[in-house]
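Next come two complexes built around chain A: one with chain B, the other with chain C.
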Partner chain A sequence: MKLELGFIEIKDIQFSNESKVENGTLFVNADDVKAFVYEDDDVKACVKSVCFDIAKPGESVRITPVKDVIEPRVKVEGPGGEFPGVIAKVDTVGSGKTHVLRGMAVVTAGPIVGFQEGIIDMTGPGAEYTPFSKLLNLVMVCTQVEGVHQHEYEHAVRIAGLRAATFIGELGRNVTPDETKEFETLGIREGLEKYPNLPRVGYVHMLQSQGLLHDTYVYGVDAKRTLTTIIYPTETMDGAIISGNCVSACDKNTTYHHQNNPVVADLFEQHGKTLNYVCNIITNENVYLADKQRSSDWSAKLCRLLDLDGVIVSQEGFGNPDTDLIMNTKKIEQVGVKTTIITDEYAGQDGKSQSLADADPLADAVVTGGNANMVIELPKLDKVIGTLDYVDKIAGGHAGSLRPDGSIEAELQVITGATNEMGFNCLSAR
Partner chain B sequence: MKNGRDFMIVTNNPLVEKVLSKYYEIRYLPEENYHAILITVRDLVYAGHKLYTHPLSGSVKPNETPYKSVVVSKVPHKMNADEAAIISNCVEAYDKFTPRNRMLSDKVLGDFQLIDYTLLCGAVDYDAAAGLSKLDNQI
Partner chain C sequence: MSYRVVHYINQFFAQIGGEEMAHIAPELREGAVGPGTAFDAAWNGEAKIVNTIICGDSHFAEHEKESKAQILAWVKEINPDLFIAGPAFNAGRYGYACANIALAVKEELGIPVLTGMYEENPGADLKDKVLIVATTNNAAGMRKAAPTMAKLAMKLMKGEKLGASCEDGYMNNGIRVNFFEKERGSRRAVKMLLNKLADKPFTTEYPMPSFDRVAPNPAVKDLSHAVVALCTSGGIVPKGNPDHIESSSASHYGEYCIAGVENLTPDKYETAHGGYDPVYANEDPDRVLPVDVMREFEREGKIGKLHDYFYTTVGNGTAVANAKKFAAEYAQKLKQAGVNAVIMTST
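For the complex of A and B:
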């Protein structure tokens, strides 16, 4: 399967009467985006209001509470469309040609529950911890129709964000990309014949799947209802996997992370040079222990069936997923396949505690995304998009986190993407 | 298939008690905190009760939400070392989080109850939304 990505560099976003991409500037008519978003019945029924704002790198702006971050893309050639099974029909994606509006994102914000979390600072020390401070962000602040259940509202805001990203992505359909790249995954036999001497490497991609506000969807299917399976890496680039995860801001995988998975990018970079990148294996992180056993058994089984020499395993979240991570790693090692895991750490504020809630001697190759308990201080910024009402309650905040002068003292956990467990950031440990 | 007849839910979450007590055996401990629920579960697992759900379910941190629900077997079977290790690690993980002193509003408490309830429902294959609708109709 081969996918061509055409990158259109977005260098500025402006509100305008007309929506278009011209000379690297995205012009947005907010009313048109809103009308498209509200064509969905669930959005109509559950979302009281949607307001758009623009946040640019370097501006004194704090966005909070953040729900999802999405990169606008559009399928210009080949089967399927963006976010299959959710926005587009459920056709298989990952081949043909897709245009990417690079350098920007659609960010959904506004509370889903009363302890909603996630901060993106566009300047200052907080900006250093989140990759999204480097993007031009079109922010959608949503509010809830009174009386609507949280699970209905979460679904509606998820759809609203994806619809807005679809609308914006569509504006890039007829724009000539600034750069084009090809990504190809060969069939099993083809790969073996072409790269007989390279190690066969796969990626075990663990998907958050615990329940309300902790979900991931694959072609529209709730990942907790799935068995461990194989997916082409290019399918994830085309929006086959989307985030419904609203908790644990620092180490949740937003839809943007799935679209731009750095493990996939780096494995493709090495494909045909130092390794043969065979495929991705997606598996879940359910709460029920027998589900964990089944899913990790299947991960190991597929690794063996595919005759892999090594895999990278990435997890999403804290606590419960640590057990899946270790079960996967242990079982995959036991069938003779080498593993390297990517995680983050909850090692206490002093960094001295055990980092994970589970461990095993076979998990001896670990890459860390940083310690989520580390205490940071964020200065007051001039403008808040969303609301600061939840800062005292979010993960990593505490009573008095939000000081009278507008500054915030909290754990790193509060920042969206800070300790991402795909390695989509710069934090590490030595 | 999940054997619901063997489930016992250990919880301090009033929403779980309210919605699920008709369908499952519940050890409801409203006065106990998150940590005490973990300790209760640990002692049950040590006594041979099977651990059915992960005690650190949810990425809402242990010092953030006051509520915790864990499913174990109604009766003791035989102590399972892996399950004992999981619950012991969870107690250790809990201790890493700095306690917070804050007053939570009823709305926030309600949302924490809801999250714990829905994670539990997902684990035991109970339709969380249907349970909430039934509750709405009773009110």
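For the complex of A and C:
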């Protein structure tokens, strides 16, 4: 399967009467986006209001509570469309051509659904920890129709964000990309014949699936109702996997992370040179022990069946999923496939506690995205998109996190994407 | 004015002699001797070794108590800004002496200390208690060790925050410190995997800890007369979370009275936990803290009594050390209240 990504560099975003991409500037008519978003019945029923704002790198802007971050893309050639099974109809994606509006994102924000939404600072110390401070963000602040059930509202906000990203992505359909890149995954036999001497490497991509605000969807299917399975890496570039919003903001994979999975990118970079990148295995992180048992059994089984020599395992979330991580790693090692895992740590504010809720000596190659309990201070910023009402309550905050002067003291957990476990960032710990 | 440092070395590095002179008793000299000159040079006047203490390795090992007492007395009187020992490289008794005398100075005099040695030196067993710079296994590594130790020593004297162990060159001391790597995590993972596949050396960024396994107590023989308490890490609290237990990384636990409460209803209880889908727990908090079932058992005589208080916290992202501390505290309360058994629910 071969996919060509055409990157259109977005250098500025402006509100305008007409929505278009011209010379690297995205012009947005907010009313048009809103109308498109509201064409969905669930959004209509559950989302009271939607308003748009723009946040640029370096501006004194704080966005919170952040639910999801999405990169606008559009399928220009080949089967299917972006976010198959959710926005586009179900069709296997990951081949043909896709245009990417690079350098920007749609960010959904607004009063919280649970405790899990995060903070994106566009400047200052907080900005160093979130990759989204480097993007031009079209922020969509949503509010809830009163009395709507949490699960339904989460669904509606998720769809609203994806629809906005779809609308924006569509503006790039007829724009000539600034750069194109090809990604190809070969069939099993083809790969063996082409790279007989390279180690066969796979990617075990763990998907958070613990319930409200801890879910992930694959072709529209709730990951908690899936069995461990195989997926082409390029399918993820077309939005086959989307976020059901955030757990602790720091280590929930946003939809943007899935679209730009760094493990996929870095394995492709080595593909055909030092390794043969075979495929991705997706496996869930359910709350029941029987599910953990079944899913990790299947991860190991598929690794063996594919005759892999090694895999990278990426976790999502922490605590309970540490069990899934260790079960996967242990079982995969036990079938003779070598592992390197990516996780993050909850070592306490003083860094003195054990970092994971589970451990095994077979997990001997670990990459860490840092200690999420680390306390950070965020100065008051000039503008808030969304609301500061929930800073004390979100995961990583505490009573008094928001100080009277507008500054914030909280754990790194509150920052969206800060300790991402796909290895998106440079942050680490020793 | 520059910082004042006391340096500890053995007979060999003081150029007194080798094994045949290892018996010499502690001796105090003015200024830097031997390797100390390399530190002085690196500090470039900002700090200076005011005294060097020399002690034979055998003497320290065989007369540890007396040697320590003598050295501590000198250091106390000199009252330096830092006590630095070694580096000992792979010399076992020297490394042992460096780590132990440094620990004594730190604990008894409260003066910052630093030493250096090879990772397999037996003295490195104290790396969680004393800051130890990792060196090569022989003295040829001095050229590299001196600037690393000098730089770290300066941070200690200035009271600056330490970087991560790999940044500042000290042995991992069990305290996790965040820092920015040069390459993103996914790239480091690919490299690590390639090394592992090729049987080349690689270094894990997080060595797996050995886990605390708690053996369960013997079963309660007669539940029908037992007082049973409910405890949870699932965050069940009175509505409004009056003690503000954090939704993640809890800093405290709650103690709440349920005397006379038959059933946890959504108008009076909820979960403060930010790590799982709270909808079902909020609909019926008994799902996490089963007061209703316990009351049934009480009426049926299956248990003697449900304890009047429950203890609760949020397990989400809460440091193990904190969790241990909470439980150690409320376990005493449970014991004093005559509770015979505890049902601990998690999520």
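Please note the rule applied: the second predicted complex is superposed on the first by the 425 of 430 C-alpha atoms of A that agree within 3 Å, B and C clash if a C-alpha of one lies under 4 Å from a C-alpha of the other, contacts with A are read in each partner's own complex, and residues count from 1 in each chain.
Going forward, a residue touches a chain if its C-beta (ideal position, glycine included) is under 8 Å from a C-beta of that chain, and two chains touch if they have at least 3 such contacts.
Since the structure is predicted, the reported quantities are computational estimates derived from the model, not experimental observations.
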Should chain B and chain C be called a clash or a fit once both complexes are overlaid on chain A?
clash
With both complexes overlaid on chain A, does A:Pro262 touch chain B (first), chain C (second), both or neither?
second
Touched partner set for A:Asn371, first chain B, second chain C, both or neither
second
Chain A: partner with more touched residues, chain B or chain C
C
Kindly classify A:Lys292 by the partners it touches after superposition: chain B alone (first), chain C alone (second), both, or neither?
first
Now for A:Leu213: first (chain B), second (chain C), both, or neither, which partner does it touch?
both
After lining up the shared chain so the two structures overlap, which partner does A:Ser49 touch, if you call chain B first and chain C second: first, second, both or neither?
neither
Check the residue A:Ser407 against both partner chains and state whether it touches chain B (first), chain C (second), both, or neither.
neither
In the overlay, answer first, second, both or neither for which of chain B and chain C A:Gln334 touches.
neither
Which one hits chain B, of these parts of chain C: 43-51, 133-141, 277-285 or 331-339?
277-285
Check chain A for residues that touch chain B in one structure and chain C in the other, and list them.
114-115, 149-151, 210-214, 247-248, 287, 317-320, 346-349, 353-354, 357-359, 373, 392-396, 398-399, 413
Chain B partner contacts - residues on chain A that touch it in the complex:
113-115, 149-151, 208, 210-214, 224, 245, 247-248, 251-252, 286-290, 292, 317-320, 322-323, 346-349, 353-354, 357-359, 373, 392-396, 398-399, 413
Of all residues in chain B, which touch chain A in the complex?
2, 51-54, 56-62, 64-65, 83, 86, 89-90, 92-93, 96-98, 100-105, 107-108, 110-112, 114-115, 118-124, 128-129, 132
For chain A, which residues count as touching chain C in their complex?
114-116, 149-151, 199, 201, 210-214, 247-248, 262-263, 265-267, 269-270, 274-275, 287, 309-312, 314, 317-320, 338-343, 345-361, 363-374, 392-399, 411-413, 420-430
For a test of understanding, state which residues of chain C touch chain A in their complex under the given definition.
164-167, 172, 174-190, 192-194, 196-197, 202, 204-211, 244, 246-249, 251, 273-279, 315-322, 347
